[in-house]
Each structure stands twice: as structure tokens, then as C-alpha cells.
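Listed after this line are the structures, all set down as C-alpha cells.
The following pair of complexes shares a single chain, chain A, combined with chain B in the former and chain C in the latter.
Up next is the complex of A and B:
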């Protein structure tokens, strides 16, 4: 690894990120939103402790609850995840190319794939650092505010959630890195990532609604079967979006009461006891989602890797 | 003169005789009398005897009659009682009046026959009553033990309470050890009547009675039937015993649980889980013809090894294997399945919490997908890397 220069490049990229103003802006935004949401949720929980029957999993509710004025921590993460990935990766290759430093870098006795590997790994490291530091800090704040320590089950859930968030942000990093290879201009690649983000977050859902309503029209005369097909189509197509995958995974992980993500028939509920699932069972429910997120990460990175290796640098 | 004297004497004699005859006649026709039904009593030293004495007046007019104890053995004490007080006169109208002669026999009195004479006089009338007391130290001085009930009836969960009276008829105080001969599992508790402390022995003064309560608790698993329980009070010099009967009526009780006592189980959707169902007869009578049934969520299946059990004896239990198969489409998490056992007399059920787990198969498949992707990435590294 040292021979190919990956380690050197990785350290260099890491240092670049840590010294950049961009990183501080991203960290600042994430921290501000994260802390404010936890603060709001914590206040609501402290007031609600003892009054509600749902006194279990208080610690998890810090992350999922919202007092109405500020969105919950998980929805902030879902919303800002693409932003973090984009900020860290949109100019990673074409920025260097435009500054003319890429060909100079290639002149060094280092393997070519070390450049893209090092950049991606450094980006992932920065994301992991940010997510974990923020997660632990927020958890600590939550303990101080509510006075309720997390249980082992809750710790596992939070940890898995943080790992998931890293994968989610890494996907957007990989995507923006791919665009920075595909497009020569940094502005273009940034816009492309924003376009994809907006499309997946907003327009995809709208399009799917239109399509589903066209195929299975819902009106006063439509049968239950049609209505079910309509809803199922919407649900399954929405899962194309990594944001939906991430949201569903988050809810399942942080809400032990979730037993199914699909449609539940009345029959399936007969005899069911509303109870919290053990952590591993929650993870099993959401495992396909989790794997999908990891897979799109790898696919995205692989494509950008192939493109980068095939690209003509000397320009 | 002499003749006159003789006449006078004769006359006097005749007069006296006439008077005697007259009195006798009066006594026979009317007068007062005192009597008692049992004028001769066998007693023991130290005893207090109360005798009812009837004073009767047949002179036709109400009379005040003076009563007096004319003769009393040495050291004995006696007094007359009427209306709760000591008396020495009684007014008797035409009817009879009862008074009570109390005689206190000294402890050191010796064997023999003693007389107590009670006299009644009123004007010219008098009568006397000769009471005979025969002292026999050995007579009837054995203590007595008695219960207020001989038989009590109840279910196996009842505790049976009998009042027990122990009388010490000896001349000296005795300490009686209390005990009952019961089978294993029975509990017998002796307490004083107005005290809750359990006692093992009780001292009783001579000629006193102790009022106790004996509480008998049968074993929980006892079968219906009749049980005779001998109770004994044993002192240095005597053994007093009696027996009581406890009639246990049959109760019906049944409990459904699992062999391990755990009322939850885990399984994956569509995969059967076998649970050993334990049916306990908690009553005191045999249960016959027990039918098993179940309530389960839609699409689930509960199968019993056998649907019915012929009989379970009191305190015994039976095991039946039940296979619970969740619906293929069951959600992950907890479901409830109810297993019921029904005998003609009693029913019981147990709720079993079934946790449906996701099959790990798909988890492994997903890992395989990741592995395939990793392998692809490795291939690409090999193909394009190190240029």
C-alpha cells in the first residue's frame, strides 16, 4: 500500500479536508442542526417522562422525536446527508484537473488508482469521524438532559444507525465523485449532484404517484385490490431512492416497535402483541435495505473507478 | 292428793302424747320439709359441691323458714345460697323454693363418709336434711378432653378449627403436652381460645378446665375423603385422648402451563415449534375426560399430540406436546397463542407468547450479494489497477 502511494495520498487528502473551510462549514451546519434537534427533542421528552406510557426506549426517542418546531435528528440527517457527500466530493477530480495539479500528481511514482481510492477513503473517513463524534456528543447531551442512560439494546441500535448514516453519506460522496470524473467543470458536477438529490428526494415520489395512479386509478369505485396494488407500487418504486431506503432503515432501527415495512393485513395482526423487537430482529427486517445501501455505494464507486482508470489525463 | 298427782301426771302425759300426735299429724298433713334429689354424693377431696335443695311448705300459709347448717365435718366449709347471695332464711309461700347448698371439701379430707345436716325451722315446724358425702380420692379423677365438634367438613384449602376442652381432675396441677397423630403434610396447631400463640403444652391447675382451639390444615394435595385425627394431651400421670373427623370434599382445579414454566417460545414464520404443555390437576378430586383446544392467530396452526386426556388424578399432571406453526406471512415479533384445557368441571388456559423471527436465509443471501460485489470490485482493481 505504501508502495503505491495510497497511504500518503490518503493522509494528504485527509489533511486537505481537515484544513479546508468547506469541512468546517459542513461540520458547523451538521452540528448546529443536530444539537438543536436533540435539544428540542430532549426537552419534550423530559416533560413527557412519566406521563406517557411509552417510557421505554427514551434514549432512542431523543433521535426520533420532534417537538414540532424543529425536525427530528434523523430527518435532519436524511436531509443533510446528500449535502455532506456533495460538499466533500463534487470537485475531487475535476477540481484537481482544472487547477492542473492532477497531471502533476500523475507524474509522481504512484499508482493511478491510489488517487481515486485515497480520495474516496479520505472522504469516508471524514464522514465517519463527523458522524461518530456528533453521535457520541449528542448521546452524551441526551443523557445529561434526560438522565436516562441507554440500554445495551439501544446502544447497538444507535451504533448501527451511525454506521448506516456513514454508508448513506458515502453513497452521496461516491456519486458526487463519479460526477466529478464525468464532468469537466466543478459547477456542472455540483449541479448534477444537486439535480439527482432533488430528483430522488422530491420528483421521484411525485412521478411514482402519477405513474401508479395512472396504472391503478384510485376513485370511489376502485376495489381494495386496486388500492393495494397502487400503494404497493408506490412503496416499491420509492425504494429506488436511497433516501427512502435510509429513512425506512432508520425508522426500523430506532423504533423497536416497527415489525414490518410492507403492507400488513388485518389477518396478520390478529393475536399480535404490540411489543418491542430485539435489536437483531429489527436488523433482520431491514437487512435487505442495509445491504442495498452498501451495494449502491460499491456500485457507484466501481463505476467511478472504471471511468477514472480509463480516462485520458494528459490534457 | 296422790291420786290427783297421778291424774295430773297422766293428764300431762296424755296431753303431751296428744301434742306429739297432734304435731305428727300436723307434720303429716301439713308442715315444712327440705329435701334434695340426690342426698348421697361421691366426691373427691378439694372439690366444691353445689347441691340443689328444695324447701317445701305445705302448711297452707306462707312462712319464713330459718335455715341452719347443723352439723359439718371438721375443716369443711358450707353455706347456703339463694338468688346469688349467701342466705340463712327463706320465705316459702305455697310453692317450693330451691336453694343451693355449697360444700367445700378440704383437700386433705380423708376417705370416708361425712354428713352435713341442714336444718329448717319455722315456728312449730321443722325438718332436717341429712346430706351424705362419700369421699373416694380415686374416683373419677381422670382428666377429661372434649371437642365441641366431632366432624368438620370442607375443601382441601380449608383449615378446620375445633374447640378443645381439657379438664384436670387431679388434685395437683398438671402440664399436658398436646399432640395429634396426622399423616405427612398435615398441620396441626394448638392455640388458646383467645390467643393466637401456638402452644405445645399447657399447665392446668387442679380442677380447672383449659379452653383451647386446635386448627387442622390438610395437605394441599389431599384427595377427597374422611380422615380421623386422634388428639392427645399427655401429662406425667395420665393420657387423655379423643379424636376428630375431617371430611374433605373434592375440589376441582386445573392449571395449564408448560413443562419448563416458560410461556414464551421462538420460531420463524412457517416453521413449527413444539412445546410441552403441562396440565396440572390442582384440585382434590380426579379430573376426567379433559379436552384440549387452542386459539391461534389466523393462518396459524396448533396441533396436539393427543386432543384429550382420559384422567388426571388429584395432585398429578399430564404432559401433551403441542406443535405451534406460525403463518407463512406472520410478522416478525410477538404473537399470542392460547392453549385451553377443558374438563366438565373446570377449565383453564395459558397464553403462550410466540416470537416470530425472520428467517436468517435472506440475511445470508444479502451477505452473498455484498460478497459478490466485493469480488467484482476486486476483479476491477486487478484489471485496471497498477497502471
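Up next is the complex of A and C:
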């Protein structure tokens, strides 16, 4: 009975998403930005091919390169991730509450958690669908433009990157859903998500800079130790933000040249061969990031559970 | 007499911070009856219903629905209880039929049973013509009737209706009440109605409970309710006798138990602690007085209404 309840809710939510105008707006925006960035990057790559050492990892550079006029695909995804999660989830629970359908739903013999589970899973499915379809489509466009097919290593990297993007967007979905449980008004929950987004994207970095410079002031007399502490503090605190986690993971995944995300001393570099890392080595570097992204998804979800299971449902 | 208890609450209490919404409620509802939970807004009616359904947890006490603990065995309770919330909402971009189908699926019914039931129920609530129209186009009365059909999808033993007549026009109210009566008498389901519209609901309830400020003031069949509510208060009689002279006042005053007597605009107002009507009439007629008018004040449902319900909206 429980399982079928979840399945039925999931199917209904999925159908609702696919029929909603909101979904098409999101898809449209993502597709437009994605294609334009790939197009611009592809053009740059075609011009540069054969000139320098730019022949390696051409396929990956489709996603990471920017011609200066349009940001790269990865920065678009990093920027639009919160928007996708927000659009799909900000009214998931309080919308039902305001329409008076939640109490009717709750009066049916289904477990409470299947309501949030069904909604979340349907949202994740939509995100996965969008990300993969888009990833494949623009990858194909890139191949046509540059004429360079991806290597197996590159395919693994792109696939992992797409999965990562799903987790990243799912986090924003989970957060939006959490706010839709906590706040009674859909406008409030939407604004709350936007506030968190702006805070993490802009203000957190500024605050951390101020704090780090206050604790470890940098001037002409500061020692190396202080300078290192200053930088480390900035780096670690910035990783509170899922956007930072996502960006660092993306860079490492799609740029095989990245060997470390922390600080490397001159001695450590001695003897290192300046070549690209294999896929699994890159994955090892950002594995903690990956796990953290999954963990914050779970944290959001756990809080949602705690609140929703005990919440009183009134019309 | 219906006597099998189907819903029983013991010391049911719900507090929101310092505010007590429902205070130590002990209530028994019998199988097959229509029970009216009446009270002004904010009396704790909806909170009580939510606790019966396990949609909110009681602070203290227990609610037992058909032998199940409403807080712990919510799924079993929800399988046999149909609930129509006040301001019921439907998915507006789905048709009436689709909405009912969704409810049927959530109840784990077989597809052919679902379709069969939808047809029958839509027929019953007179929505067959609009079954494939989107619910967004329905009027309030239609939505409310669809709500009844929705609660019936699971073929419940108990139906809980929260303010089912609110916002309906007189015709809609009549239809709704007929439908509710039919559900009880024909299908033999137990029905609980909560309402602040005493006048509308009183006609169809077998028993009612008057709920004020979280307390159950009185419970019983509607006829005896006035007596119970005003049990400890003096009975006030209004009487018009001819001829109205000093002797008659004296005579009335000689009856035992009278606490106060006065004459206002040709009417004698008598207050007493016991029932004196019979004695009074006998005495007056023996002495050849003509009684033109006799009315007991303050024991009617109207008086309950004006005291507890009116002016508290």
C-alpha cells in the first residue's frame, strides 16, 4: 500500500511537471544558454585548432571554454542550478496546502513521507531528464562543429559531470522543498530560496574575505604563515557554499590538468610530470566534494522530514 | 437505540503553547448515527477532527476510531474514514473524474472498481454532466459535492465532514443535507459533521455536541439539549393572563419555587428554579383566568444560538 502510494504520487507529480508551463520555461532557458555557450566555445575552438597545444581534450573544452562574449557552459549551469531547483520545488508543499488539496491527500491511507518523497523524486527525474538530454544534444552539436570525437576518458568525465549537475540541482530542489514546508506562503518560500542563493553566491564570499583579512591581515610585514592561513581560511569557508563545491568539482573533472584544489608548495611540485591526470585520479581529488554535495541533499531532506512528519495539516 | 461505540476519545487535549484548543474531551460516537459537532469558530472543532484522523497529535489523551488508536495507527484509520476538510481543494487542471481516480489509486483500489465507483458516485452527487470538465470551472457547490464523492471513493465506514454547508446557497445547503442524510440512513455510515451553522445542521443530526472554547458544553439529542445547557439557570416564563389584577400576581407568587415575579407591558415574567408550568396553568384555570400566552424563555436552541454562536464570528 505504501509503495503504491509513492508510485502513484510520483507518476502524478511527473505528469504535472511535464504539463506545466514552468517546466517549459526552465527547459527553454537552459537550452538557450546551453546551446549558445557551446556554439561560442565551439567557434573559438575551431579557430584555435592546430595552433597551440590546444588539441588535447577538445571535447571537454567545449564545456569549459568561453570566447569572452558568452560565459562557458559550466558557469551557466552553476548559475542556473539554483533557478532550476527553485522553479521545480518552491511551492511543492505549501502550494498544495494553499489549494486545499494537502489535507485531502493526507486523509488518504498513504504514509506522509511518500508525499515529499514522491515530489522530490519526480523533481529529480525531471532534472535528470533535462540535464542528460541537454548534455547529449550539445555534445552532439559540439562534435558536429569541431569534428573531434570525444575519447573514452572524456566521456566518463562528461557523464560524471552531468551526474554531478543533477546532484547540485537536486540540492536546490531539496532546499526549495524544505522552504515550501517551513513557510505557508509560496511567495515567501520562493524569496527564501532566492535569498539563500544570493547569499551563497555573492555575500558569503565577501563576508569570508572581510573575516579572513581581519583575522590574518595581509600587508607588507605579514609572514608567509599568515598569508597561508588567510588563503586557507578563505578557501575552506567558501566551500560551505554548494556552488563553490560544485564549481571546484566541475573544474577538476573537466580540466584533467588540475592536480590539487588546495595549496601546493614548490618542493611538492619538484619531480611532478606536467601531464593530464587520468579520470579516476581526478575523481579522487574531488571525491570529498562529491560526497559533501550528496550529504547536503540529505541534510535538507532530513530537516524536511522532521518538520513535515510532525506538521499539523489544516485547510 | 444505536449503542455500539465506534469513536471514543478519552481525555483528549490539544494545546498550542498556552492556548488550549481542546480541553479534556471525552466523547463517544455510536455506529450509524449522524453526530453534529457544533460550536462557534475557534471552538476547537476542526482540531478535534484532525486528532481523530491523526493529522495532528494530541497533547494528552487518546482517540480511538473503530478500535484503532488514531495517533499510532493512522493508516488503518484513514482506510475506513473519509474526510472532507473545510474549503476542500482539488487539482484544478484535472477533471472531476481524474481527481476521483487519483484518490481511488491512492487508496489502492483496482482500476475497474475505481471506474465503476466514479460513475456511481458522480451520478449520486449529480455531477455526471461535468465529469470530464476541469475542476477549475466548477462552482463552489459542485466542488463541495465532488468532495463528498471524493470521501466516498474508499467506501468509508465513517465520514467526517468539516463545515460541509459553508458558503453554499440555500438550495445547495438543502441538497447537501439530503445527501448526508442519505449516506447515513441508506448506506448506514457513521457521520460526524462539524459546523457553526446550528440552524442548518440541527435538522439532520441524531445527536449533537455543543463545543465552546475547547470544552464540550452539552451532548445529546437536539430536543433535550437546551435543558442541559441551561440546567443550572432559573427558568423564565412569560405569561399573559386576563384579567391582570393584583390577585393573580399574589396567587402565582404562592407557588413554590418562584424566585422573582414582575409585570412588564401587560406580561408577567416569572423566574423559578423548578418546573412550574403545569401547576401554574392548573391554578389559573381553576380560578377562571384566561391564559392568552405562555412561553418559556431561554431554553430553546435559539437561545443557545444567540448565547454561544452569534456575535462570535
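For the reader, a short list of remarks on this structure follows.
Assume the second predicted complex is superposed on the first by the 310 of 315 C-alpha atoms of A that agree within 3 Å, B and C clash if a C-alpha of one lies under 4 Å from a C-alpha of the other, contacts with A are read in each partner's own complex, and residues count from 1 in each chain.
As a working rule, a contact is a pair of C-beta atoms (placed from the backbone, for glycine too) under 8 Å apart; a residue touches a chain by one contact, two chains touch by 3 or more.
Computed from a prediction, not measured in an experiment: that's the story for all the values here.
When the two complexes are overlaid on chain A, chain B and chain C sit side by side with no clash. In the superposed pair of complexes, A:163 makes contact with neither chain B nor chain C.
Look at A:264: by the touch rule set out above, it reaches chain B but stays clear of chain C. By the touch criterion defined above, A:305 lies against chain B but remains apart from chain C after alignment on the C-alpha atoms of chain A.
Of the two partner chains, chain C is the only one touched by A:100; chain B is not. By the document's definition of touching, both partners, chain B and chain C, reach A:111. When the two structures are aligned on the shared chain, A:294 is found in touch with chain B, with no touch to chain C. Between the C-alpha centres of chain B and chain C, as viewed from that of chain A after superposition on chain A, lies an angle of 160 degrees, to the nearest 10.
Residue contacts after overlaying the shared chain place A:194 against neither chain B nor chain C. Of the two partner chains, chain B is the only one that A:281 touches; chain C does not reach it.
For the three-chain overlay built from the shared chain A, the minimum Cα spacing from chain B to chain C equals 5 Å. Shared contact residues of chain A, touching chain B in one structure and chain C in the other: 4, 111, 310. Only residues 1-2, 4-5, 8-9, 12, 19, 99-111, 310, 312-315 of chain A touch chain C when the two sit together in their complex.
Residue ranges of chain A in contact with chain B, taken from their complex: 4, 111-113, 259-260, 264-265, 267-273, 275, 277, 281, 284-285, 287-288, 290-291, 294-295, 298-299, 301-302, 305-306, 309-310. Within the complex formed with chain A, the residues of chain B that make contact are 295-300, 327, 329-337, 353, 357-358, 360, 362-363, 366-367, 369-370, 373-374, 376-377, 380-381, 384-387. Every residue of chain C that touches chain A in the complex is listed here, in rising order: 46, 50, 53, 55-57, 75-76, 78-79, 81-83, 85-93, 102-103, 105-108, 147, 150-151, 154, 162.
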